[in-house]
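First subunit A sits with subunit B, and in the next complex the same chain sits with subunit C.
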Partner chain A sequence: MKIHGYIKENLKKRLIEDLEKEKGKIVVFSALSLSDEEKELLYAKIPRLKGAYIEFITDRNLIAGVIIKIGSKVIDLSLKGQLNNLAQLAYETNR
Partner chain B sequence: MKLIDEYIKHIEKEFKKSSLKITEEEIGIVNEVKDGVVLLSGLDSVAYGELIQFGKNTVGYVIDLSEDSVGAMVLGDYTGIKAGDQAKAMGITLSVPVSEGIIGRVVDPLGNPVDGGSKISEDKRYPVEKIALGVVKRRPVNVPLQTGIKAIDALIPIGRGQRELIIGDRGTGKTTIALDTILNQKNENVICIYCAIGQKNSKIASIVELFKTQGALNYTIVVNASASDSPALQYLAPYAACAIGEYFMDKGMDVLVVYDDLTKHAWAYRQISLILRRPAGREAYPGDIFYLHSRLLERACRIDDKYGGGSLTALPIIETLEGDVSAYIPTNVISITDGQIFLETELFNAGIRPAINIGLSVSRVGGNAQTKAMKQVSGKLKLDLAQYRDLVAFSQFESDLDEETKKLLNRGARMIQILKQRKNQPYSLLDEVAIIWASANGYLDKIELKNIEEFEIKLIEDLNARGKKLAEKLNKSRILDPDIEKELKKFAEDNLLI
Partner chain C sequence: MENLGIDPKLMLAQIVNFVLFFIIVKKFIAKPFIQFIANEKKKEKDKERILEEVKKSEEECLAKEQELKLRTKKVMTDALDEAKKETTTFKSEMMRQAEKEVSEMKVRAQKQLTDEREELHTQMKDQTLNLSVSIVTEALKESLDEESKRKVTKHILSNMPSQIAVKN
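Take a look at the complex of A and B:
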């Protein structure tokens, strides 16, 4: 079956749009599910999040705090991340 | 109660002031791990040449940016990296730590010591990749770099800031020439860097040992990316060596860098490029293989005194197969450099060592840098050798040759003989000038060929014993005036009699 050129063009456009969306996708990981009040606090801190579509995921491994992923950018505000940084610092100074 | 109120207010104020710093990080996910090269997704705004961190102690170097993936080579061990791992962009480019303390050390291309010594203190960090100096800050090569090898100093002189290729088959003494040159810089105030790329670790160990015993380690740095190191490190080694050299050059010092050898460097880069699925060109090398070497050798230069002086001389080494200089990498590097020293297996096996093919070797800029005294004696040498080469084909039918031809052949054979030199015995300027002067003026014509070396040793011993003043005079004036010639004549005649 041959796909019509017109449909092909549209499919291409759709794919690019989807990819763009995927690129700008915002995911917030938190240790415990966030209450509305906590979310408001987060928006106040990072205005970019307000009004955007956000996927919330809970991950106990973070221990405390949140990790915000915007496309390939990551803002790490979790206790786990801080501990990792500390471990890295200890490793580097020990060398 | 007022105190408590104030106290609570203070606490409240402190609470409001959040110490949380919001920092954005660029993150990617490892998709594929290949031999030393990792392909990642994500890392949307990473730059070419940026460092990325895998796990705790592994660092990668971005060398490929395509539409939806990033290619990075792993510096060091890549066996711990798994598909699905997170990688973080570090926002910095690769650099090596440099300080005066690096002199006499053996380091890997990242500046980590590999000689068992302590960490190298860090005065500055120099970028591994750097655009070469522009035209304005450069000046022509005009100061000689004495190699201590008669054949080179007389016929293919090298100047400070020059790039002279050493090319030849395996086992023709390429490394020996480079090492002798380093050994000869003992009192010349030149910092030497020996960069080993893809060499055997045993060879490096013996070279370091040689430097130690000859006292060359006081001014020499060894950068080693051995055959067992990852291709990424082999690829980086010459750039790192050059960066270390630039640190000393920027201090106004003269630097000599030996790249041993660039053939293996090209192989390492070919491997990385093929793994990254870049289109393969001639001999399966990628399209930018010329730029790989040109950007490295272009960093050799002599800085104008206005901008601090200093120079960086490069002695790249290329290994050919069966003397084939028309292969891809040899032709590339020949065209980049300011001349080449061509070594031949036949000459080496015939006992002519260093096995330099004088006809094919050239130095395009070194002539301006050659010492006056050397120029005076080498002019005759060049002429005699050229005539000898023309005539030598006839010498097989020696029976009816006229006197004049016989004389030329006789002279030429002696010239060839005096250009031989044992390894790790660099000559001083006076020694070189004296022996070439003696042969150019016919003092050796009566000595049998096999006795010439004996005469040479005697002459040099004599010069070392009695010629201190003469050496000083020559080193100062650098011209062969009648006074010096008279003394040379005396030395030559004295040693002929015994």
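Take a look at the complex of A and C:
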């Protein structure tokens, strides 16, 4: 299927804009909503987060801990993530 | 002579008649007859000779037949021996081939069995692992209350390295 040049150009522009938006976006997932003390601990460890706009999302499936998403980069510090890492390690050991 | 009742003229005529008869018989009957007899004899001799030749030929043929029979028997015996020998060799070869194939099949089957066992073992371990992780996840979800979760989160954040690795 041939895409019209105008539509193609618009799609490309929209994609670049979305990527730019996503690039600076910071999202923190946690099992429970983070208290101020916990947030301070987080800022102390990652100074880049201080003063930035952060979206906090609660996800009970994480059990405990947090997942920090900065643009396309992800820092998984959740208990669920740790269990997954453990399972992955065990899988690799099995092979 | 006349008194004896013999007529000399008649007698002469009869003698002449007899001579003429003799000459004619000799010339036109006796000679071809003798020739015919001679021919018949010759034919008889030829027949005998041919018969002799035929008999001789028959004997030769019989001898040849006998010889041929013997030769045929010998050839057949040789061929049979050769065939027996070849059959034995072929049988041995077949047996060796079959043994080799069976051995290879056995090795393949053993390898397949080992592979399948290992695969099964790995699958079992994977399933056990999945189940264990699911159980632990569910157990943690059920057992950890809000306070415990906060404690764990705090512990994680406190022990988080300053230069943390960022993964994609």
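Everything that follows uses one rule, which is that the second predicted complex is superposed on the first by the 76 of 95 C-alpha atoms of A that agree within 3 Å, B and C clash if a C-alpha of one lies under 4 Å from a C-alpha of the other, contacts with A are read in each partner's own complex, and residues count from 1 in each chain.
Note that contacts are C-beta pairs under 8 Å (C-beta built on N, C-alpha and C of every residue); 3 or more make two chains touch, one makes a residue touch a chain.
What you see is a predicted model; the values in this text were computed from it and never measured.
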Chain touching more of subunit A, residue-wise (subunit B, subunit C): C
Which superposed partner A:K45 touches (first subunit B, second subunit C, both, neither): both
Which of subunit B and subunit C A:K73 touches, first, second, both or neither: both
Which superposed partner A:A90 touches (first subunit B, second subunit C, both, neither): second
Touched partner set for A:K23, first subunit B, second subunit C, both or neither: first
Which of subunit B and subunit C A:S33 touches, first, second, both or neither: neither
On subunit A, the residue positions that both subunit B and subunit C contact, one per complex: 45-46, 72-77, 87, 91, 95
Subunit B residues touching subunit A - in the complex, by the definition given at the top: 18, 20, 22-28, 42-45, 56-57, 119
Touch list for subunit A against partner subunit B, complex: 23, 45-46, 69, 71-77, 87-88, 91, 95
Residue ranges of subunit A touching subunit C (in the complex, touch as defined): 30-32, 34-35, 37-38, 41-42, 45-46, 60, 63-66, 70, 72-77, 79-80, 83-84, 86-87, 90-91, 94-95
Touching residues (chain side subunit C, partner subunit A) in the complex: 122, 125-126, 129-130, 133, 136-137, 140-141, 144, 146, 148-150, 152-154, 156-158, 160-162, 164-168
